[in-house]
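Chains here go by letter, A, B, C and D, matching the order in which they are written, and residues are numbered from 1 within each.
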Amino acid sequence: MVKYVIKRLLIMIPLLLAVGIIMFTLMNFVPGDPAQLALGSGVHTQEEIELKREAMGLNRPFVVRLTEYIGNIFLHFDFGKSLTSGTEIKYELMSRFPYTFYIAVFSILLTIVVGLPLGIYTAVHANSLGDKASLFITLLFDCMPSFWTALLLVLLFSLNLRWLPSSGASTWKHFVLPVIANSLGGLAGFTRQVRASMLEVIRSDYITTARSKGLKEHAVVYNHALPNALIPILTVIGMRFGSMLGGATIVEVVFSIPGIGQYLVNAISGRDYNACTGGIIFIAFTFSVIMLLTDLLYAWVDPRIKAQYAGASKRKKVAANA
Amino acid sequence: MQKNNDKPLFEVKNLTVEYHSGDAIIHAVSGVSFDLKPGETLGLVGETGAGKTTIARASLRILPEYSVERVDGEILYNGEDVLKMNDGQLRKLRGEHISMIFQDPMTALNPVKTVISQIAEGYREHHQCSAAEANQVAIKMLEMVGIVAQRANDYPHQFSGGMKQRVVIALALACSPKVLIADEPTTALDVTIQAQVLDLIKGLRDELGTAMILITHDLGIVADVCDKVCVIYAGRIVESGTKEDIFDHPTHPYTQGLFAALPDLEHNVRRLKPIEGLPPDPSEERRFCDFMDRCPHRCRECKGFDKNTMVEVSPGHYTRCWRTEGKEA
Amino acid sequence: MKHFFALFLALMMAVTMLSAASAETGHSVTVAVDDDSFTIGPWGSAGAVRDWTETVMWTHLCYRPFVGAALDKDELQMVAAKSVTKVDDTTYDVEIFDNITDSQGNAIKASDVVFSYQQLASLGYVSEIGVYFDSAEATGDYTLTLHLKDGTEGAIENVLTLCSIASQAWYEGASQDEIETNPATTGPYTVAGVETASSITMAARADYWKSEDLAYVEQQNADQIVILCITEASMRSVALENGEVDMAEISANDVSRFEGNDAYNITNYNNFMSQYLIFNTSENSPCQDENVRKAIAYGFDCMTMLMGSGTTAGIVSYDVAPNMAPDYVQAWDEAEYFPWKPEVAAQYLADAGYQPGELTIRILVTAQAPQGPYQALQAMLMQSGINLEICAYDRAVRQTYQEDPTAWDIAEYSDSITDFTTHFWEDLFSEKNYGANGTQGFTVDPTLQQLLAAASADRSEENMNAFHDYVAEHCYMIGLYTEIRSIVTGSGITDICLQKLNPVLNAMTFAE
Amino acid sequence: MPEEIRNEVMERQERSHEGKGKGRHGHHRHGKPQDSVKPGSLKYVWRSVSHNKGAVIGMILLALIVVLCLLSPIICRYGYAEMNIQDWYQTPNPNHLLGTDQMGRDLLSRVLYGARYTLIIGITATAMSAVLGILLGAVAGYFGGFVDSCVMRFLDLFQAFPTLVLAMAFCAVFGTGVDKCILALGITGIPGFARLMRANILRIANMEYIEAAKTINCPTWKTILKHIIPNSISPVIVEIAMTISRNGLTSSSLSFLGLGVQAPKPEWGAMLSEARSYIRDYPHMVIVPGIFIVITVLSFNLIGDAFRDALDPTLKD
């Protein structure tokens, strides 16, 4: 198992390298001059702009800046300084990551807590009225643009009912509305995927065997059907959680939560090459780690995959004492 | 087994099962009746799609509800009708009184649970006992079917087809049920394993005294294991009787056709004589005998014959055809 | 594994809640600001938060109470500097108070001031420092000399007022995290708590080194000031209405909700950026022909254009520059300045030789800005038979295209006025800035440059009028409007002490 | 190995086109003996879709919107950009059926005219990602080995970038506007289709009729185009319907961030984000485009669902 994890981590490095290089190059050849942007709006003389370019180190050739920046990240784990604000990018990312992490974790929990039982119910009672109604309602949420839902939630809960603060990120109350807005959209997709994988499992033979043993229906569904349906569901959860860790930009903008999504959006519109590249590499890293965790969770859920992990070491052992 | 005539343990009266697929109605089983005495073994023989598995699953009421249209008739176990049972009674029945061996061992076991847990689970459902005790029983059952105790904690994917079938058998017999329904237990296995599994089933049946319904399309197995035989065609029993009646005096043209299709050691025949045509379309209502368009002896009388009745050729030997002189195969 | 996870999250939550310090007695003000990428170290890139908080946290040599305040007219307020004496046009001697300390007790000497200026010059955040500041050296414990690159007017005022002063010992010893969360502030307030890009809590310093004749920026009227970053406009008005915030900058179309409601006071102030329209007079644009420029100029009305963004709060410009600096000639406001006369526009269009609907003009604008005004302009010009194609680009892309004469015909841009109208004009027209292109609108016109030089030399009314009339006559560029922005405060606050277009948060007065 | 399982599971999950057939008889309709229609062939899919009530509703709604969009110049008295300031912020009234916006422009004509943007962006972007995705997937699936792992790593790379960030970077490079928006959405949609096609290819590639095609040495590109792609087209239809609805939403989020389609063009997403600051005083300005977006996205989803159910025998009963 450990050997497999190491192999996966090693593969991640070239991926992150490629992501970093592509983003840095893409941002560099995008029209727009970070120096001029950093000076803010208004007219600036050529001289001022030149001064600023030098301060930002932009007068050095592209290749030098690329190798220096990427080298710093991968060799000294130093994400460098942001071009516009001059602060350490690692510091910015680390101070913003908890917010994105909270939103992502609680959104996934909400999606699972609501989506899983709903998916199972609609699978067990396939094509019943409940099934069609719940699919329609979640579909309705799925079709609403996320900032629209966010605004409606704020008007209802924060302004009219005054239960929850409207924006900001200081207490847990501030996170209730953003989490709901963030996970409401994905609920339909998740429920449907749970339903599909449960349906597939419920009609397989070992479920009939379980029933023929006289087990309670509840036991059959939750002890026999669910564990087998978990793998596809785990994949969906992993993918969704991974992309959420990239920051829920729209929710962060509406609720003014300083997450990674907003940081990246500002970095791109401010042509802050270092911040964009650093941010993307960070997101790609978290995404790959989540994917690795999901794959490891497979083993916990399905022994056949655990065997494949351990397969290599066992074969060696058998060969050793044969 | 000698023919005892005390009260039948398990009786099926006029069982009719229909599925729906899209708008069409599939008549899987129409008016099947038979009975089973304690310790007796009944063979249900027929081509695929004749409704054998449907009968087996109906008796444990594990038919897929999403596609069942109608189930009529009675299935009596010790006088109680299984079809009328509520959930509580049904759960008590399954596993402890009636249990089942499934056809395809590859998919019959839950891939993510250890073998021992799947057997122990069934046992604990019916006997309030600690997990350790249930595991003991499971290990004993595994040893009975020839699987060493060390492999109890392995997962199904670590077993071969034959071994998996042994686990399924152990699972079915964990609570020593009164009636065992074996749905083509050896079809998915190759011949050498088939013989071992059959001996195992016979051994356990005799040891535990379980009555058994063996579903198969292989006449060889029927001869080896069963006491009574029912031949099924298009959802109906076309001929029933003791093994000797059926093997020695096959009267229904379909049964004769079945035997004719078997390779015979005495005559070296270049080509076997198959039954022409295909099994009838189950969604079609037919007025006359279902076998008419494939029957070599079809004639006017067939149209007059009421196919819902059976004719008694000799005591206990019935056929659903007016021709009863039954010439040698 | 699951229990550990839940425990970890609960812990993280508790930590963040504690950091929002509870308010002491006395007044606490919560302010909502439209900016989320701020830094609170002594020197950082410009932004709404830095404009409102830099003078609160960091002391500066002097403070400029109003636009155009001059040192020699001794209109500057002394803060850290005790006195400023002019040696010659480019060198000044400055004496600072001897009792300056920062919130962590480090004494501030002349060497610290020199270090601060050198640090800001190298980081390059404030363009005026880069352009005017040459060098500085300490001549004693509390005296130093400042050297400027050139003696142009307003240079010394910029240099004296735009550099935060911090202790060298502290700055060089502090880690990035300390600088950004718990800096040793030299101003009247210290930092009580920070959540990156989300909020700052500032508390009044009991041990502030100055006690009497405090400048505006040194008042400590509020015990605690909390800055909340809310970038979404509608969210700021929601936060104001449900009491989460005491003061917020409210977008033009939301202000009507607070008017006539005595629970709120509204303070309006001119946006420090004024909008103007540039004509591309190079040969690859139809606007090279003066008639076309005039046809466009008379083809729309600035106020209707402003109403495109849903508000009427704005001051129409009567010159390219806004009426804010002292050298602005008030007479211009009475004169007629390109009113909306469709028939005159049609006549000019005919003179230029175009049938109505034949001419298509491309306007270059920023995608992130509100698009309403440009759509209003498009609709109005359509009535005069001129098709306007709106080319909206991402902020950075737009800046590069602005320098390409083939990419646009007219462009809407904005600039701020710091001291004099002539500086505003120089930003737009002076060849110094645009080299071979001449002006921002690619106009190569020697007489224009002469008139500009004459006007900026003495700023006499006669020269100013000459330049104003020349530009209007040739219609090189026309002023549009200056938006009026409004800060709405809860009933507790009576006056937000609006100085030079930014409220001085610590000088607010409260209703008793 | 686990990634293979994850990829295979992902495609199967989204499209859940489970060819498990288990040798069932042909499906009989209305008791009439029908030539057994091969599950997955277009005729069969169409018949089962037309039975699905949801899909019918979806199609009616969509047709309604398209018709209204085409008729908009006739039914609306005002041009979509025609501004009359004096009657701005009007709520729906007989004069302006759906009211007016902050510039006094008639919302009815803007919404109806705007329909073409959302539809055009949705459909062309999806078509683009479908074509490129299918080719990429087909090549990866068919050749396998080195080519396959290259393409898969490339797709993983794509997966690492959050879609919105990728679209933003794209709009930053090429600028904003309808065509750029289409390009941005089109390219970000490619991985979805590529993965789907690759999974289908792997499933079909070892079917007999592909080997048959190889034996009569029909050229590879012909095999791909004539045999493989047509047979795996049905699950792609489900993905197309789903992507069109997803694109509708993403383009509105892009407009929210100030990129995507630019202001005077009445694209629903742009109208929605522009009107969001008036949500409290003049809610109709936000509700009108919002509802139209929901209806369009909903109808595409319903149609997509119907195709999915039609294609997946296990879901049918």
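Heads up, the rule we're going with is that a contact is a pair of C-beta atoms (placed from the backbone, for glycine too) under 8 Å apart; a residue touches a chain by one contact, two chains touch by 3 or more.
Model, not experiment: these values are computed from the prediction.
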Chain ID, smallest distance between chain and overall C-alpha centroids: A
Centroid-based (C-alpha) most distant chain relative to chain C: B
Centroid spacing, where centroids are CA-atom means, of chain C and chain D in whole angstrom: 45
Chain centre separation (chain A, chain B; CA means) in Å: 53
Averaged-CA centre spacing for the pair chain C and chain B, given as whole angstrom: 89
Where chain D touches two or more other chains at once, by residue number: 172, 276, 279-280, 317
Chain C residues counted as touching two or more neighbouring chains: 234, 238, 368, 394, 396-397
Multi-chain contact residues (two or more partners), chain A: 30-32, 126-127, 151, 155, 159, 203, 253, 269, 271
Complex contact set, residues of chain A against chain C: 30-34, 36-48, 51-52, 54-56, 84-88, 91-92, 95-96, 98-99, 102, 105, 151, 154-155, 158-159, 162, 165-172, 253-258, 262-263, 266, 269-271
Touch list for chain C against partner chain D, complex: 233-234, 237-238, 251, 253-254, 256-257, 304, 307-310, 367-368, 371-372, 374-376, 378-379, 382, 390, 392-394, 396-397
Complex contact set, residues of chain A against chain D: 15, 18-19, 22-23, 26-27, 29-32, 126-127, 135, 139-140, 142-148, 151, 155, 159, 188, 192-193, 196-197, 199-200, 203, 231-232, 235-236, 238-239, 243, 246-247, 249-250, 253, 261, 264-265, 268-269, 271, 276, 280, 283-284, 287-288, 291, 294-295, 298-299, 305, 308
Interfacial residue positions of chain B with respect to chain A in the complex: 57, 60, 62, 64, 66, 87, 90-96, 99-100, 102, 104, 107-113, 121-122, 125-126, 155, 157-158, 168, 171-172
In the complex with chain A, residue positions of chain D that touch it: 1-3, 5-6, 9-10, 12-14, 16, 18, 153, 156-157, 159-165, 168-169, 172-173, 245, 249, 252-253, 256-257, 269, 272-273, 276, 279-280, 286, 290, 293-294, 297-298, 301-302, 305, 312, 314-315, 317
